[in-house]
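Each of the two complexes below includes chain A, the first together with chain B, the second together with chain C.
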Partner chain A sequence: MERIPILKMSGFLLVSIQVDMHDQLAMQLQDDLTNRIATSGARGVLIDISALEIVDSFIGRMLANIAAMSRVLDAETVVVGMQPAVAITLVELGMSMPGVRTALDVDRGMALLNASRAAGDTGHDDVPVS
Partner chain B sequence: MSDADVDSDARQFSRALMVAIESGDVDVQATAWSDVRDVLARLSESRAIHGASPSETATFVLSLKQPIFHALRRRATDQNQLADLIWTASTLLDQLGLLVTELHQKAREGVIARQQQEMMELSTPVITLWEGVLALPVIGTLDSARTQVVMESLLQRIVDTGSVIAILDITGVPTVDTLVAQHLLKTVAAARLMGADCIISGIRPQIAQTIVHLGVDLNAVTTKATLADAFALALRRLGKAVTRTPPRSESASLTPAASAGA
Partner chain C sequence: MTSLSAESLPVETSEHVVSVRQAVRRRAVELGFSLVDQTKIITAASELARNAIQHGGGGEVIIETIALQGRRGLRLAFADRGPGIADVARAMTDGYSTAGGLGLGLSGAKRLSHEFAIEAAPGTGTRVVIVRWK
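Up next is the complex of A and B:
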């Protein structure tokens, strides 16, 4: 059975979705990822969806769920590389995923995770201005 | 439109009409009439583009009525036959007249659709203000179709340039109702999903009042009064600052060095 690989990288978990997500695959990923966070003690999860071109409400909810579950396990999730079409679809479906942090690419996502690990708190979103 | 043009149009039309009539079919949608339809389509299109009114275009065909009726009156042997002939000719010409009006309308609609498309493309430029900072000055009313174009072009540019901050400037938006506000919020949400922050700028006092009266919640979005303020904030978020330098003599008048974020 096909699976989405989960790579460990300097204290973070990196998930790169390179195939079209179907429901079974998403459930499997949710299962695998929560197990890996628990066993590895990772403090951050990076989900790269730059190759994902089609989403439906189920996959959108799955992404939001995975992020919420990781947070419960004390690992921050950053979703990176979302395609414009996917972003528009999710917004039109009414899923703007307010609890999920996002970044443009893996590089920036890593920087975000490193910064929040350095800051020591994960719930804080933005530095207030003036 | 010159007389020569009208003359050549009339010749082409009467030639095609003659061929069609000889087929004996009196339904203008029949295949025998395809030449007539082509000629009429071409001439009503060119007239529509040159700004002729539908009635002017229809008159081109309907002006045939008088000469045809005259000819029929001379040919007809008795009253009953004349009435029948005139009825057939009249129906035929009315059909042609309606056809021309329809074609004219269609051509005008084509022109309008094309202009709309051009306007839409013209009015949604995405500008790179700085490395990592995009600006999108929205001009005109935001409806669903335009929002779609604005959203798509902005998101595509975010991917292409790897920008982390996008400024939506709505100085040129005349009114903001709940629908427009919703469209703006959708754009902001989509940009955020991709990992870019959005700042909305250029909210005029009346629009600020309207937004609050309508009960639209813009708390989740950073808003600034002017594009300059938004740009200053963007630079600050990127950890950059504009500083004052000693003015150089040759360009002193050109650099009223402002200090943003200092």
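Up next is the complex of A and C:
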């Protein structure tokens, strides 16, 4: 069966969506990622959507679900690389994707996850800004 | 309104949602739509195709390149075999869903289009027509 590959890299899970996903494939990815977070103990998930030409309400909801499920499993999700035209359309569609952290590209997304992990390692949620 | 060319595609499975998106993209590119305009009409098509499957039990879409008074545009007419919609005004409200979705399909597709029409008397299926002009 067709599947979107999930890579593990320096303690994070990395997904790059390179195909025009039909709905079952999106649901499969949601299930696979949730299971991989649990089995791998990864603390961060990075989803690269720079190749996606559209994000409709179904894919938007999948991204929001992944972010919510990963949070429950003590991992953080960052969605990176959204095309400007996709962002414009998503907002006009009425989807604000609350609870989904985003970054412009993979580098910034990685930096965000690393910063969260570093902050988490101190054992305090409220790390003072120095 | 003049029809320049038209094609009909089935809307029965989630693979068809993908093929509808691709056909709409092809025509939007042919028409010289900007990237944002392409993205808007493809996203609207995706929402309406999924609605036709989830609520209407499937149907078809006619994708048509049209011209009116020197303007060209893309017209998409979705027709399903479902039960129709008893309360169209309510179905058009953001966040109203009977299928556990986000309830953005119809209202979102309307916002992403220049023209929007819906005929959905109970018992006759639902027909949604959208137009986006270049």
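Note that in this section the second predicted complex is superposed on the first by the 120 of 130 C-alpha atoms of A that agree within 3 Å, B and C clash if a C-alpha of one lies under 4 Å from a C-alpha of the other, contacts with A are read in each partner's own complex, and residues count from 1 in each chain.
Criterion: a contact is a pair of C-beta atoms (placed from the backbone, for glycine too) under 8 Å apart; a residue touches a chain by one contact, two chains touch by 3 or more.
Note that the coordinates shown come from a computational prediction; the quantities given were computed from them, not determined experimentally.
Novice: Answer with clash or fit: chain B and chain C placed together on chain A by superposition.
Specialist: Fit.
Novice: After the superposition on A, what does A:88 contact: first (chain B), second (chain C), both or neither?
Specialist: both
Novice: Given the superposition on chain A, what is the angle at the CA centre of chain A with arms to the CA centres of chain B and chain C, as a multiple of 10 degrees?
Specialist: In the superposed arrangement it comes to 50 degrees.
Novice: What is the contact status of A:96 with respect to chain B (first) and chain C (second): first, second, both, or neither?
Specialist: first
Novice: For A:58, select first, second, both or neither according to whether it touches chain B, chain C, the two together, or no partner.
Specialist: In the superposition, A:58 contacts chain C only.
Novice: Is A:105 contacted by the first partner chain B, the second partner chain C, both or neither?
Specialist: In the superposition, A:105 contacts chain B only.
Novice: Is A:80 touching anything from chain B or chain C once the two structures are fitted on A? First, second, both or neither.
Specialist: In the superposition, A:80 contacts chain B only.
Novice: Just how close are chain B and chain C at their nearest CA atoms in the overlay, in Å?
Specialist: Between chain B and chain C, the shortest C-alpha distance works out to 7 Å.
Novice: Does any part of chain A touch chain B in one structure and chain C in the other, and if so which residues?
Specialist: 83-84, 86, 88, 90, 92
Novice: Which stretch or stretches of chain A touch chain B in the complex?
Specialist: Contact set of chain A toward chain B: 79-84, 86-88, 90-92, 96-98, 102-105, 108-109, 127, 129.
Novice: Which of the residues in chain C come into contact with chain A in the complex?
Specialist: Within the complex, chain C contacts chain A at residues 14-15, 17-18, 21-22, 25, 35-36, 38-40, 42-43, 46-47, 50, 94, 101-102, 104-105, 107-108, 111-112.
Novice: Which residues of chain A touch chain C in the complex?
Specialist: Contacts found on chain A: 20-24, 53-58, 60-61, 83-86, 88-90, 92-95.
Novice: Contact residues on chain B for chain A in the complex?
Specialist: Its residues touching chain A are 148, 151-152, 155-156, 158-159, 162-164, 186, 189-196, 220, 222, 233, 236-237.
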